[in-house]
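Structures follow.
After this come two complexes, each holding chain A, first together with chain B and then together with chain C.
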Partner chain A sequence: MTSFILRRLGSGLLLLVVISALAYLLLSLPGTDVGRHVLGPAAPQDAVDAHNAGLGLDRPVAVRYLDWLTSALQGDLGRSWFTSEDVSLALANRLPVTFSLMIGVTLVTAVVSFGLGVWAGVRRGAVDRAVQLVSVFGYALPGFLVTLIIVLVFAVRLGWFPAIGYTPFSRSPGGWLATVTLPVLSLSVAGIAGVAQQVRSSVIDVMGRDYVRTLRARGLPTSRVVFRHVLRNAATPGLTVLGMQFVGLLGGAVIVEQIFGLPGIGAMTVQYTTRGDIPVIMGVVMVSVIGVILINLLVDVLVGWLNPKARVA
Partner chain B sequence: MQTKTRVNAGVAATGALVLMLAGCSTGGGDTGSSSLTIGSMTVPQSLDPAEAMGSALPYFQAVYDTLVKREPDGGYTPMLATEWTYDESLTELTLTLRDDVTFDDGTPFDAEAVKANLERFRDGGGGQAQTLALLEEVEAVDGTTAVLHLAQPNPAMLYYLSDAAGLMANPAAFDGDSLTTDPDGTGPYELDKGRTAVGTTWAYTRAEDYWGEDLPYEEIAINLFDNENAIVNGVRTGQINAALLQDVDQQAVAETDPDVATQPQAIDYQGIILFDRDGHITPELAEPGVRQAINHAIDRETMLEQLRDGQGEVTNQIFGTESDAYDPELDTYYDHDPERARELLADAGYPDGFELTLPRMSQIVTDPMATSLQSDLAEIGIDLTWDNLDQGSALNSIFTEQAYPGMVMNNAQLAEDWVTVTELVLPGTFNFFGATDDTIEDLVETIRSAPEGEAADEVRALNRHLVEQGWFVPFYRMTYLHVSDGTVDVEPQSGMAVPSLYNYAPAE
Partner chain C sequence: MSTSVTPSTPSTPSTPGTAVTSPTAPTGPKRRSGTARRFLTSPQALGASLVLAAVVVLVVFAPLFTAHDPNAADLKDAFGAPGGGHLLGFDSSGRDVWSRLLHGGRNTLGGALLAVAVALAVGVPTGLAAGYYGGWFDSVSNWWVNLVMALPAMVVLLATRAVLGTTVWVLMVVLGVLVAPGFYRLVRGTVAAMRGELYVDAARVFGLRDSRIIVRHVLVVVRAPVIIQGALVAGMAIGLQAGLEFLGIGSGDLPTWGAMLNEAFTNIQRAPVFMLWPGLALGLTSAALVLLAASLRDVLEDRGTAPATGRGARRLGADAPTTLDSAGERADLLSVRDLAVTYTLADGSSREVVHGVDLDVRRGEVLGLVGESGSGKTQTAFSVLGLLPEGGRVSRGSILLDGTEVVGSAEKEMRNLRGDTVAYVPQEPMSNLDPAFTIGDHLTEPLRVKLGLSRTQARARALDLLRQVEIPDPERTFRSHPHQISGGMAQRVLIAGAISCDPDLLVADEPTTALDVTVQAEVLGLLRRLQAERGMGVLLVTHNLGVVADLCDRVAVMRQGRIVEVGTTEQILRDPQEDYTRGLLDAVLDDTPAREPWQPREAAQ
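Up next is the complex of A and B:
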């Protein structure tokens, strides 16, 4: 397992370098005049040219990329071209926001969807049909609509939660919980629907296996059969989908962060990409790629731990 | 029975949790009268005055003072400069400065500081550096007297000294780039770096021993958003105290909430700026009749109703209602008359119309607007094609490559005529082909060399001439909505969408 993890980390590092080069190249394609964008239409052309030269944009892309890579390896991701903010600091400020959502959504999705999936798979009948109906409904609802309804009802109308903003956990745990609850709820709806279906199908499948019948014939309580034996084997598809959803949450967080005015990296990615702010975008790309690599590795390890047959040699 | 008890306990716990959360800090901002939280969609490039833009002025006004203060009605009053006088040639502006102001490190604010700031702004390559292009040098006569020597008269100089160019920073901080995130001015507040997250929230706390009259708030926060939906929700829940709404849908939501105080203001106009009045790209546009035909072809009333729910005023002129140039008659100079437009095209030698290609940025030219303009122009035979441009490449294509004969823009209607003349009429950014004619040149020279307020007739004549010649195709002035959670009174700033920081006060 150790060599497997090391190999995955090594290939992840290679992937990181390749993606960073590709991303830098794509972001540097001609067409975006950063100086003009920063200084606005009213600035004279010589000022725009001087601004671009000051950012090093008059040098070849390869040279700029190597400069960026050298600095990045030393922990310096540079400054935003548009707001002068330190990229590392900006990411440090914004990552906790998005991670709060991603981790919160994953936990809520895992608990609720596994609960619903197991319940439906074991009980079948009306419970199964109800869970399937609710899942289809939750999956079909547009995410932004769910978010808008939730914010309107629970924040604006009832005033139970704040409608916008984020409070760091370090400043106020209660405030943090208040500010992430509705966004997490909004993002969890579709995830719960998707994972619950996967878990339900797997549980039904595993419940029909011979060894489960044998265990039940030996008189083991249903709860023990389900939670100790069935779930262990049925969890793999659910966990895989959960892992994929965790990564996908980076994209899904964009709209929720915008509606709730949360200063996360989802909203940041959209704002800075449209402006062509390469230092910031590269920082986001690096963080995202590292996140994807680590999550995939974690899922592989977790699945292998749960089900030895699934272990990768 | 046991189950019921558990359920009741669960409900009680949930209720307690909700109550606890509801009472927690919301992260959006405090709502007491000693603090003010403003929602904004404008981001400052940095907090270095050399990089300041007028639209982001409140971020700077908290920490810097300007030489001249611009009042809500557009008038000028003393700030760091107590008096100002022009010489007879209007090329020497003498400023008398306060003698009781120092920066935090003890560096005195004096004429040398003014010289250092203005010359740095002019040469600093910022987005508005060109506003001081006519400034030849600043002469520090003595500690409290600075003379600005201009290459030629600039009737908007006081405006610029009350705007980005007039922000005064500590010259001792000019080395390096510390001012970008660590402002050093003489303003009423100091940046609270602990609560500031650049790109998200800028927090300010009251400066001790401010030389002027304190503003009413102990703390101010400007929170940046990228959509007005979040701003409206913030105002409705009291997490944002004040903001400006441009989107008509969000305006409608705010207006239906009885707890939200609203105040409309018609500021920016939307319309087509025709760059190519000499026909470099589209030869047909060199004919005044063609430009007039385009103006007659546009159904402004329908556009205003359909695109902005009628929130605005139809206009045919680029000058604002508070400027000397404004002429109410010119708001309806071109009625919607496709028949007349076709006649004008035929008289100009284009009875079958022509092809016109304009750039389209979806943030400004929405789908309904694109379709509406295409339909209106098609009715008189002009085949309008939109080139869809993304935000990153649009400015490059339009202003650097000068690839289009015009564009649809939102432009501020300022009270200061000369700023409008400089930006839109004189050869430059928005007149990059340098179009002009004898009438314009004569009027511009007269206006430029006239003492303040003594060229009202000429500037009005210039406005009429521009409208008659069809230099622009304005559609309407858009009504924006100042909104607050009821705890703040906001006084709109003449000719500016964003109120000055001085214009906020606790509601009475």
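Up next is the complex of A and C:
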């Protein structure tokens, strides 16, 4: 198991380097003039050139990338070209916000979707149709539209939660809960719909397997067969989809953080990325890809634990 | 601007001038009349197609439905109420909302179509090639796909916009590339799975060119899932694009649904109603796409609705048991009278597959239930266990198990009988063990649940059971997972599981069919020994008369859901009365290796 994890982390690191090279190359395509962007259209050309030279932009892309990579490997992600903010520090300040959002969403999604999926898959009939209908709509409505509806209903009309703003957990746990409830709810809807569908169909599939009949023929209670055997075998596809949802969650967080005014990575992405601030974009890309790699690893380890046949090494 | 904007409905006729096109819109991959009819009779599919068709017509022919310029702003009209040809009134800049809605849809739908087209163009051919040829191309593509899938789409799109500019079309091309792995995986998986299929091999043997095989055989299989995925991606693209525009990262002044939502959101306190129209347009369109995909999937995968079952006390049978003592006195262990099994089919009709079967098994007796496949013998066995597959039910008759009527009894009562009164040995050993649990778990779980043994007691008893079924290294097998043992071992484990709670009746469904010939003989010997030692009654379902001769005291011959002949094994094998039985006997004697002449053995009764 340890060697499996180490091997996966190794290949993850390789992936990270390849993606960083690719991203750096694409971002450095000619088209944006950073110096012009910073100094404004009225600035004289030699001032713009000087500014670009100051950022090292007069050197070849490959050299710039290797520079970036060398310091990145030492933990220094550089400074923003526009605000001179230290990128690592900015990320460290904003990560906890996005992170708490994601953990909340993943927990809510896992619990609700597995519950609904098992319920629908075992009970079938009317329950099944109702769960399917609800999840089709949850999946069909664009995430940010769902968010807007939630804001409109719970914050604007009912006034139960603040529509905007963030309270750190360390300052007030209650305030933190109030500010993250609606964002978590908004981000969970699509995930619940997708994962519940997956769990439902794998539960139905597993319920029809020969070994389920044999287990029941041994006189085991149906509930025990469902929760010990069916759930364990049906969990794999559900977990895989849950892992994939996480990647999508990063995108969803961008919009949700913007709508709720949360100072997370997503909001940062919008502010800095649109200006072509390469050090910041690279930082965000690195953090997201690391998150994806770790989540995929976690899913694989969980799947291996659930399903001995899938265990590697 | 494209004329046909429904990505998932390639055949939608866009007749100019009509508000709603004819509902003939989309069918599955090919117009097979049955599929098309089922699709059109589904209200969900029809509704979704109508909504999509309406949206497409309104948007494509926007100038026909509104006379106003979507960008003509007049601040004195700001927040103006509907009226005077302005169907939905004015927005905060005094622009006509209806007109912006229709023209905005062009960018939104066109962008989605572009994304789907790019994803198809990239994903499908690569998936076909990787799945069909495998090899290095497959490895390289898989690695590449994993890389793309690790990229957070939103971040890439934002970065793209920073580098390549604000055009929505460029963003949609990038989005298409980002979602192409979805198509790639779908196509590659399907193709790789069917590459080994016999008919593809056959086509290759016949000398068909690869391109022809791909078009004729492979594309036919992936068509349906690709169309479904296309509709889903289109819905997703619409949502994502609107999301980007909502963030203000759209195409500048172009009216789009996302930009309209953005504008409405900033005025949410003053005029929340402005969120309604673009929200409704967006929600309806993407919901229609996903619903369409869902109904396409239902139709193409022919997923019938499950028969509705009541909650709580699930009944095993429907009708009140009618006891017909047609065959005289009923046996003490198992007595089946006038048993009928009926299945509810996907279209709601029902079909009876077992028509009034009478059977008796006395204590310690081995009854063989023989017949060709499809004769209803397995259905009869499952009825005795109360474990008919989904859709099946006992529709008539009576089953007495150790004196208890099980037809119509609640699942809970039936469960109490399973394991210690009646137990089950299945046909296919490997698929009957839960792959996630060790052999030890399989054996100890019923012991702990049914008999209430402690962990150590259960372990000791399970090891003892493994010894009884002649497994050479019980300790190691106990720790093994099902995939680590052979089929013959697995069948011994299943027999050990069946006898673990000392059942009175063993229902064995073709217990040796799936095994090698040498292993068959060993397992039969084991069954014979255990039966004699424990004095179990056995209902042995088989099509193999050699097995019958080996093991059974009496034989019931089944054909087309009915018992056609019952008698002692000697009677049936030596002097069959029915032509059908004679046919079965001839068939066996023709293709089995020569064996010793059958010797009548002592009946156990």
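Convention: the second predicted complex is superposed on the first by the 311 of 313 C-alpha atoms of A that agree within 3 Å, B and C clash if a C-alpha of one lies under 4 Å from a C-alpha of the other, contacts with A are read in each partner's own complex, and residues count from 1 in each chain.
Keep in mind that, in the parts below, a contact is a pair of C-beta atoms (placed from the backbone, for glycine too) under 8 Å apart; a residue touches a chain by one contact, two chains touch by 3 or more.
These numbers come from a predicted model, not from an experiment.
When chain A is checked against chain B and against chain C, the one touching more of its residues turns out to be C.
When the two structures are aligned on the shared chain, A:Pro221 is found in touch with chain C, with no touch to chain B.
By the touch criterion defined above, A:Gln258 lies against chain B and chain C together after alignment on the C-alpha atoms of chain A.
Applying the stated contact rule after C-alpha superposition, one finds that A:Arg213 touches chain C and leaves chain B untouched. Contacts of A:Thr269 after superposition on the shared chain: chain C is touched, whereas chain B is not. When both complexes are overlaid on chain A, the residue A:Leu107 reaches neither chain B nor chain C. Using the contact criterion defined above for the overlaid structures, shared-chain residue A:Val17 touches neither chain B nor chain C, since it reaches no partner.
Once the two complexes are laid over each other on the shared chain, residue contacts for A:Phe161 go to chain B alone; chain C is not touched. Across the two superposed structures, the residue set of chain A contacted by chain B and also by chain C is 31-32, 148, 151, 156, 258-259, 270, 274-276.
For chain C in complex with chain A, the touching residues are 146-147, 149-155, 158-165, 235, 238-240, 242-243, 246-247, 249, 261, 265, 268-269, 272, 275, 279, 282-283, 286-291, 294, 305-306, 308-309, 311, 382, 385, 387, 389-390, 411, 415-420, 423-424, 426, 428, 431-437, 445-446, 449-450, 481, 483, 494, 497-498, 500-501, 507.
Chain A meets chain C in the complex at residues 15, 18-19, 23, 26-27, 29, 31-32, 123-126, 128-129, 132, 136-137, 139-145, 148-149, 151-152, 156, 207-211, 213-222, 224, 228-229, 232-233, 244, 247-248, 250-252, 254-255, 258-259, 266, 269-270, 273-276, 281, 284-285, 288-289, 292-293, 296, 306-309. Only residues 31-33, 36-45, 47-48, 50-51, 54, 80, 82-86, 89-90, 93-94, 148, 151, 155-156, 159-167, 171-172, 174-175, 177-179, 181, 258-261, 263, 267-268, 270-271, 274-276 of chain A touch chain B when the two sit together in their complex. Those residues of chain B that touch chain A in the shared complex are 18, 20-29, 43-46, 48, 53, 125-130, 177, 180-181, 197-201, 223, 225-227, 229-231, 233-234, 236-237, 239-240, 390-393, 395-396, 398-400, 423, 428-430.
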